[in-house]
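In structure tokens below, several structures.
Each of the next two complexes has chain A plus one other chain: chain B in the first, chain C in the second.
Showing the complex of A and B:
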């Protein structure tokens, strides 16, 4: 059974479109939900959390409607984007209440809260009020509230927003650990490298529609009408360009400060010819990279398509 | 804050092993949280509790130490009674004021502040239905208000029964406890449900508080004044909550008036007005919370 099954799912806020005609099956693992602000990520996450009912189509989590079936929400852990809730409580109190609201009995909830707080590396601050927490600590506390009742499915809406780089690495590590423990995780972000650090499985959403889903590299292959870019940093960029300029698969060559950026429609052929040219002309290559292996490039292409 | 990076790997992930409570018990969690949250700061609940304690002490003191002194209840138009019997009916209005204070610091902001802060998402992303939420909030508020407007009068009436001159008088005074319980329960429900209804009308806590304060202090007082001026026999004046509660108290404690008082509220009018307030408030809060939950309100940044 799919963890999430959305079938032509749409959501309107009055006349404003939140999500449009989304059909999506999620089997497990970590999936990154990518899109710019206002793309519909939070709407889709709220529908999966049972906070919103689809205006049209169906969306089920573990085979049940999360909006109608309160029972299935016990299996869902949701960390919303905002965080200004009950700041006067300590981390322990907040997570305990959340665990109890999710069905953990009163006698077990404090232990479950302590465990969740420990999972997020917040034990030292467990009895401090949330009011005095830094952004990173608030994000960790929010994640602890989401996992305290041991859900099978985690929905994390922008969990790394505003977190400093050191805390980000730590939180990413902890989210990965939760996935290793068998939890299905959907994590949203508009910052591409955050998702890249967590997973290569992505769903790109733009203007309420799913533009692409799957492995980021497979998605890249699908966009064959976009030239693949290869950046070569070398000592003789003009010599290298002169060899490749005549090739029909090369769409464009851009000179950069320390080399050239080649745009090609046939990456395999291009790499072969690059190697041959380097050997023939005695070019010293200091760096060879493809910006297209970066999630950012894929996202740029896809949302660029959406805008056209 | 966080331990060493490897710590989590040593800790591992331990699954929760144990039972889970059914969703129908969530209202208890919400009620309990409401009470513990109110108890957190001095100004939110403890200040009103202090006022209620002072009211209880003063009323008890009057009953004990000035019991034979006579007083006239209700602007000199009631039958003159000794303080030992008139102190409690007169003190009801003090407890109502303390109840109003709690409604300002907690009750009238409950739903609005949950919507405003985004707490709705925390509730409804878990196995909580709107009915559980409303029931939990109402029970929590009732428990808090009961400490103010129920417990205080009950202590005083217990004292009144306790200082009876003879066993016969003691037995005669026992219904006093039941009457006080009825007044306390009605006042508790009114001061819990009505502000809760106002808190659901607007999505901004301050606006909801202002609306409730305006209704209670200005509109209620206006209705009371209008009742005095009109020939409605007190039905319009019964819209004013504290006067309706006091009218009920006067009736139950058998305070008879010499003449038709200005804005003398008949007990039927007081009961109908208070019941209508409570029913309407609960209907409003249920409707508004259901609507807000369906719309996904409170989940925004």
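Showing the complex of A and C:
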């Protein structure tokens, strides 16, 4: 049985489209849900968590509707994107209450909460109130509330947002351990490398639609086939252009007021040749940037919107 | 370790404990206590102005019904509405619980606090203002009134979470109270009318206190049903 089975599932908020015509089957493992802000990731996750009903089509988790079937939700652990919690509570109290509401018996809930908090590396702050927690600590506490009842299926909505790099590595390791323990995990992010650190299986979602699904390296190739733009502000734009113009991966060079905008189909090669040209010609570069580092721009390429 | 779906009773008790803990650590309880002290001050003021003549119970009950308009909104509508507005409901509704039990749990925690505040306020204000011990009828009326207003607050908070407190207060002051004073059968949907009838302060011969108590019960059930129906259909 599929963990998640969505069949032509759509969700509207009034006239605003959240998710459109999604057909998707998840058998297990850890899957990254990738898309820019507003793409529909949270809507899809909320439907899987039983917080939203599909406007059209069906979505089932373990064969049942998570919105209508209370029982199936005991197998789901959900960490929302937002930071709101009951800040008056300590981490121990919050996770214990969530464990109780997930069906853990009263005598076992405190132990389950302690274990979950320890798994998220928060034991030192277990009796501190959530009100004083940093963003990273809040994320860990949210994850502890999601795992305290030992669910089979975890839904983690942007769990790495706003977390410092050190904490990020730690949280990624802890999520990987949960996957190794046999949990099915769906994790959303708008940052490709965050997802890549966790899994190679991704679903790309954009403007409410599933754009691509599969191995992250295949999707990377798909992204790389489209021209990638590099903006170089320098003192000798013509010299730089003359070196790169002959390269087969360079699709176009546009001269701008303070430099050049290069469109390439092979960003890695282009960056290497750019560095070599700068050194050979003694070019002074004042700025190097890529408008395509924004994931939304890449998705626009994939959907064809970028060419309009 | 796999667990069963929690029973409605277990969910209710867990939510009640959570609500009490939050109240104990928040400011609402203190604000409520200060508001509950106002009728006592009003009673003292009336007593001081009238000299040796005690204040009329009707005047005091009028002020007590103002508490019924404000306190349930402050406690119930805030508690229910804030969870929906702040999206903390996403934690609750993603759990295997009956959503109705979440609202019931909040009411189980809050209603005793409201009863204590309003009844203590009523008892103290009649003692100070009229130098009388409160009658059992009046105590029942005030307790029934605050219960019905709590149900109204719960329903309005699920319908308009952001403005639950304001709407409850406005509803009670500008719809329920005027309707209750009407010499028409429409007054039977008014909480304040039944409170005055049960307390034997106002009402016609046809308005027996026992019937008013039943009517108050019906009002409670109808508004609670609206709250439970609405919460079960809400999306986060």
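Some notes on this structure:
One rule holds in what follows: the second predicted complex is superposed on the first by the 218 of 308 C-alpha atoms of A that agree within 3 Å, B and C clash if a C-alpha of one lies under 4 Å from a C-alpha of the other, contacts with A are read in each partner's own complex, and residues count from 1 in each chain.
FYI, a contact is a pair of C-beta atoms (placed from the backbone, for glycine too) under 8 Å apart; a residue touches a chain by one contact, two chains touch by 3 or more.
Values in this document were obtained by computation on a predicted structure and should not be read as measured data.
Annotation for the three-chain superposition on chain A: chain B and chain C clash. Look at A:174: by the touch rule set out above, it reaches chain B but stays clear of chain C.
Applying the stated contact rule after C-alpha superposition, one finds that A:122 touches chain B and leaves chain C untouched.
Set against each other, chain B and chain C touch different numbers of residues in chain A, with B touching more. Once the two complexes are laid over each other on the shared chain, residue contacts for A:53 go to chain B and to chain C alike. When both structures are laid over each other on chain A, chain C collides with chain B only at 131-139; the other stretches in 59-67, 131-139 or 167-175 stay clear.
On chain A, the surface touched by chain B in one complex and the surface touched by chain C in the other have residues 46, 49-53, 70-71, 73-74, 76, 78, 80, 82, 84-86, 88-89, 93, 97-98, 100-105, 108, 112, 145, 149-150 in common. Contact residues on chain A toward chain C in their complex (touch as defined above): 46, 49-53, 70-74, 76, 78, 80, 82, 84-86, 88-89, 93, 97-98, 100-106, 108, 112, 145, 149-150.
Interface residues of chain A, counted against chain B in their complex, comprise 13, 42, 46, 49-53, 70-71, 73-74, 76, 78, 80-86, 88-89, 93, 97-98, 100-105, 108, 112, 115, 118-119, 121-125, 136-137, 140, 145, 149-150, 167, 170, 173-174, 177-178, 180-181. For chain C in complex with chain A, the touching residues are 1-6, 10-11, 14-15, 17-18, 21-22, 25-26, 86-88, 90-98, 235-236.
Chain contact summary for the complex, chain B toward chain A: residues 1-3, 5, 7-9, 11, 13-16, 18-23, 26, 29-30, 33, 36-37, 40-41, 117-119, 121-129, 293-296, 299-301.
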